[in-house]
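The two complexes that follow have subunit A in common; it is paired with subunit B in the first and with subunit C in the second.
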Partner chain A sequence: MKISIDRETLLKPLQLVSGVVERRQSIPVLANALLKSDKKSFTLTGTDLEIELQGRIALEKISEAGEITVPARKLIDICKTLPEKAQIDLNFDGQKVIVRSGKSRFSLATLPADEFPKTEEFSATLEFKIPATDLRSVIEKTSFAMAQQDVRYYLNGLLFEVSDNQLVAVATDGHRMGYSSIEAKAPGMAQVIVPRKAVLELSRLLADTAGEVDVLFGSNQLQVKTDHYVFTTKLIEGRFPDYSKVIPTGGDKVLIVDRDILKQALNRVAVLANEKHRGVLFELQAGTLRITANNTEQEEAEEELNVNYHGGEMNISFNVTYLFDVINALNAGNMQFTFTNSDSSIRVEQEKSAENNNADVYVIMPMQL
Partner chain B sequence: MHQPTLTRENSRKIIHVDMDCFYAAIEIRDNPALTGKPVAVGGSPDKRGVICTCNYAARKFGVHSAMATATAFRHCKDLILLPVDMPKYKQVAKQIHAIFREYTDLVEPLALDEAYLDVTDSNHHAGSATLIAKAIRQQILQEEKLTASAGVAPNKFLAKIASGWKKPNGLFVIKPNEIDNFIKTLPVDNLYGVGKVTAQKLHKMNLKTCADLQKFSLLELTQQFGKLGQNLYEQCRGMDHRNVEPNRVRKSLSVERTFAQDIRNLDDCLNIINELCERLIKRVQESAPNLAIKNQYIKIKFNDFKQTSAEIISQEINLDRYLTLFRDAYLREVKPIRLLGLGVHFQDKKPLKSFLQQSLF
Partner chain C sequence: MFNPTPHQPAIYWPRAVILVDMNAFFAAIEQRDRPEWRGQPVAITNGEQGTCIITCSYEARAYGIKTGMRLKEAKERCPYLIQVPAHPHKYAKASTAIMEALATLTPTIEIFSVDECFLDVTACQSLWGTPEKIGQLARQKVLAASGLLCSIGVSGDKTTAKFAAKLQKPNGFTIIPPWETKERLCHVPVTELCGIAKGIGNFLAGYGVYNCGDMERLPISILAQRFGNLGRRIWYMCQGADPDPVHTNISAPKSMGHGKVLPPNTRNKNTLFVYLLHMCEKLAARLRRHEMHAQTFFVGCRQQWGDWLGKKCKLARPTHDGKIIYQLGQRILHEAWQGQPVCQIQVTALDPQSDQMQYDFFERPDPKRELLNQIIDDINARYGEFAIAPAPLLTRSEMPNVISPAWKPHGHRQTI
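Our next item is the complex of A and B:
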């Protein structure tokens, strides 16, 4: 294998791949990136056995086809520290990969390509195109609610659902839930649960992606493709809770409050919230919301806000962290809380208006009073 | 030495009422044939029971509460032992409590048979705490046919000492201007917070009375005794700032079991701890569902009556932690076990609103 490439062209896919490569890998070859060149293209692949990311570069000239693996981290660090626009030559001499640029020369240890884990054959059961920003949006709006290392393993990920030309993303850790949906020209109906790490990696990837991506659902894999990369992840098997049953619809007490005003008040009150359970108390009565918190040192914080509320007196308490997560996922403007009673889950969303018909919904379970 | 006295402090009027041999007195009242005979209420000796209460006739023989019943019979072979009839005693206690409430709302029950009353602002008997105490004792005798002892003083600590001063069936008053003289001769063993261990330590330092203790500065006492030092410093001067708290917060809750036969097998212990833990969870749910747990503790009494305990900070009742505590405590002695107890201490501040995150599904 022998290729010549400029620094910027190589660095971009290399950095994408680096996110997947495990730092403390159990198998040595997982620290390596697979470099592969053929007549038309050059690909770099990294994997942690769950997620695989392949970066593609179209090359005008490839002097010699071939494949080999090299330590990914070291190759990135070398490329990064070379001067901008530097021309880089990669040459596999049968033992080492020699990296040359100007008067710099590096020789990297290699492992044979056939030691690199093979990708499973991917067969798509459903396929659609969607703007990268749309896909990223539904992830960003919901992924904070994913569980972490929960024994209910199917909660340690994000549910993607396709139906009625809509893409829905749902995440929940059993205490709160995020639901976001967006239009997508997607045929058929399907559900997949994408593992937590893959969700975060995909989100990072999409932040730098312009235009549309191809999304492919497989029976036990999900793939997201552009001209520059192929992202593949295994799925979590299992049944995700029926989110439609979790979203409350019967609430009759509606609170409307400006997102930023509420956020600032909560920021202050949270200073004295119990460090362990982070509980804050909402005391609602016509026109006012009183928020209080106290900690084990018996220090107390209190804020009173003028709000739009006519639902009758009610006290309800929350983990303030869950409120912050939702507030940060919503856009500026009015937010709407819908309560049933102190013991029932509440619904939080952007206030509906002519300009805003955002269908994102958040559900938070209160703390017991 | 100058004694710092707070005028507001010494203007309080606290009564401590202590029923005389409460359980035994009730049983004797209900069965006059027992009058004059040594009577005790408690668990039976073949089940390793202990004496809860005994009358003065029994005390003459050296029988006292918390003594193993078997030992009590050795002291007094004619002892009449009666089983514990808690519902009956509770009922009587309720009626006595109602009498207290006629004089003040500030009643802090300590157990079924004793209570503090703050009558500082009471209008009865022209505000005289001494007359109120007399009246209460009189009323208990008339309505319940039971005798009570009472102590009157400007604070809880002295009131409790005073109620014991003329026991049984007595009344003792410590007036603010009598505190200094009274306290000087008071043995240090009578101070609250001073148990066997601290008493020994004090005696070793040749400290017998409060007058001895008064010679030490607050700093010296704190260095010697930690937190307790501050307490001792104030108590030996007759000071006690504690309020009478009608809704006193429970500080701890525990369950225990004395075994009919000593337990030698570790597996049996683990099973018993499991069982006690379940009982404790139930008790906490029933009696203290809103209190925040501060720590878990275990108590072990070995067959030689040596007792040891261990505790660990915890916010919940966790079986594994009890098992760990048990291993730690057991390894100190490694002897057959006579009694096992599990308990929790609660946060001593006012109970937190219990913030318990609930689940969506």
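Our next item is the complex of A and C:
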């Protein structure tokens, strides 16, 4: 294999791939990136056996086809520290990969390409195109609610559901849930659960992606493709709980409050919330919301807000972290809370108005009073 | 009776701390109750079958018998040794009576262990008199409450008070006024102080610090870098200025667990699982008694003189139900134990937390189980531990409960 390439062209896909490569792994080849070239293109691949990311570069100057793996981290660090616009030559001499640029020369240890884990055969059961910003938006608005190392393994990921020309993303750790949906020209119906790490990696990837991406659902894999990369992840097998049963519908006590005012009050009260369970108490009365918190040192914080509330008097307690997560996922303006009673879940969303028909819904489970 | 001497006018101490340390506590209680044992070598073991000495009387100590020694070895040293099975409830009662009597002197009392406590009497000097006088009062209170003798150390900080109490035993009384502490500690090896063991001792020796007096030359930052706040405290301790206050509230537990020694070389699954159930139920009842839950548990059994077989596991939601902990324990042991001979079992809640619970969408507490546990707890509170219990526990071990040195009359440590 022998190619010549400029630094910037190589660095971008290389950095994408590096996110997938684990820093510490048990199989040495997983620290490596697979470099592969043929007459038309050059690809770089990284994998952790769950997620695989392949970066593609179209090049004319390939003089020799071939494939080999090299330590990903070291190749990135070399490329990063070379001067801008530098021309880089990669040459595999049968033993080492020689990197040359100007008067710099590096020789990298290699492992044969056939030791690199093979990509599983991917057969799509459903396929659609969606703007990268749309896909990223539903992830950003829900992924914070994913569980982390929960014994209910199917919660340690994000549910994507396609139906009725809609893409729905749902995440929950049992204490709170995020639901976001967006229009997508997708045929058929399907559900997949994407593992936590893949969701975070995909979100990072989409942040730099313009235009549309191809999304492919497989029976045990999900693929997201552009001209520049192919992102593939295994899925979590298992059944995601029926989210529609979690979203409460019968609540009759409605609170409307400005997002930023509430956030500022919570920021102050949270200073004195219990360090472990982070509980804050909402005391609701017609027109006012009193928020209080106290900690094990018997210190207390209290805030009173004038709000739009006409339900009956009610006290309810929350983990303040869950409230912050939802507040940060919503846009500025009024937010709407719908309560049923002190130990039932509450529904939080953007206030409905003519210019806002955002369908995202958040559900938070309270704490015992 | 204890007027200050005419030559020495009473001086108000800027800080006054008293350490009360019971002498050979468990053995002294047995000797108190059996006059014929007074003046005799007495050793306490865990039940009749216990082979390890928990503590012994001063008469036994004269033969070189120590806590932790095997009974067989002790009998070789002293054939007339009187073996007494431990009575944990009696010791707990005596300890409670003593601590309550001492609490009438000052509310600032830290119960350091079952037979030791610190009193901060700084603010009581105008009420009770000099720290020396309060120390004598403490000794009288202990004697009146329990009929037992104690050693007392009076000084300006906790570490020096503890050091002072150790100087004269049994029935000792040592005063080191705060203005003398630095001088008195100067030639004392640092490892004599409570809290400085071999590890820290070796570290200090590396810097040429052997005696407390050497500490002054060492910059405090060296200790702070290596041991953090504890290091800073050690630096002050050695100079007779331990800043640690007398802690009155019992800090929240970091973990809570129960373990038991199994019959030697246990291979029988039923035996092992009855012990497991026993420990799970005991732990669950204790969590409930202190209005706590836990979500992460360690369950394991120890191979004969060897490693632990087991691991820690997290549940979907916190619990204080023995049945759920037992199910988890069964799962762990099924995985980790393949019939090897084992000698010990342990069940520990690693993240005990107060009952203020976060509700979950999918896992709701079972109201029937909650009610059942509440009724069981009420019955057992009235008729004794395990008066009502899951049926397999009918065949549980008869080995008596052991009192922990960390036992306290209040809070989560009040378990035998």
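Here is the rule we use: the second predicted complex is superposed on the first by the 369 of 369 C-alpha atoms of A that agree within 3 Å, B and C clash if a C-alpha of one lies under 4 Å from a C-alpha of the other, contacts with A are read in each partner's own complex, and residues count from 1 in each chain.
What we mean here is this: a residue touches a chain if its C-beta (ideal position, glycine included) is under 8 Å from a C-beta of that chain, and two chains touch if they have at least 3 such contacts.
Computed from a prediction, not measured in an experiment: that's the story for all the values here.
Trainee: Would you mind checking whether subunit B and subunit C clash or fit side by side on subunit A after the superposition?
Mentor: clash
Trainee: Quick one: is A:40 in contact with subunit B, with subunit C, with both, or with neither? Answer first, second, both or neither.
Mentor: So A:40 meets neither subunit B nor subunit C here.
Trainee: Examine A:204 and indicate which partner it touches, taking first as subunit B and second as subunit C; both and neither are also allowed.
Mentor: A:204: touches no partner chain.
Trainee: Output check: A:294 vs subunit B and subunit C. Expected answer is one of first, second, both, neither. What do you get?
Mentor: Touch partner of A:294: subunit B, not subunit C.
Trainee: In the superposed arrangement, which partner chain does A:268 touch: subunit B (first), subunit C (second), both, or neither?
Mentor: In the superposed model, A:268 contacts neither subunit B nor subunit C.
Trainee: For A:281 in the superposed arrangement: first (subunit B), second (subunit C), both or neither?
Mentor: In the superposition, A:281 touches subunit B alone.
Trainee: So, does A:150 touch the first partner subunit B, the second partner subunit C, both, or neither?
Mentor: second
Trainee: Once the structures are lined up on chain A, find the stretch of subunit C hitting subunit B; candidates are 135-143, 207-215 or 297-305.
Mentor: 135-143
Trainee: On subunit A, which stretch or stretches are contacted by subunit B in one complex as well as by subunit C in the other?
Mentor: After superposing on chain A, subunit A residues 172, 174-175, 177, 241, 246, 274, 276-277, 279, 296, 317, 319, 343, 345, 363, 365-368 contact both subunit B and subunit C.
Trainee: Could you please specify the touching residues of subunit C with respect to subunit A in the complex?
Mentor: Listed in rising order, the residues are 252, 313-317, 353-363.
Trainee: Would you pull the subunit A residues touching subunit B in the complex into a rising list?
Mentor: Listed in rising order, the residues are 172, 174-177, 241, 245-246, 274, 276-277, 279, 281, 294, 296, 298, 317, 319, 343, 345, 363, 365-369.
Trainee: Where on subunit A is subunit C touching in the complex?
Mentor: For subunit A paired with subunit C, touching residues are 149-152, 172, 174-175, 177, 241, 246, 274, 276-277, 279, 296, 317, 319, 343, 345, 363, 365-368.
Trainee: Give the list of subunit B residues in touch with subunit A in this complex.
Mentor: Residue positions touching the partner: 315, 347, 349-350, 352-361.
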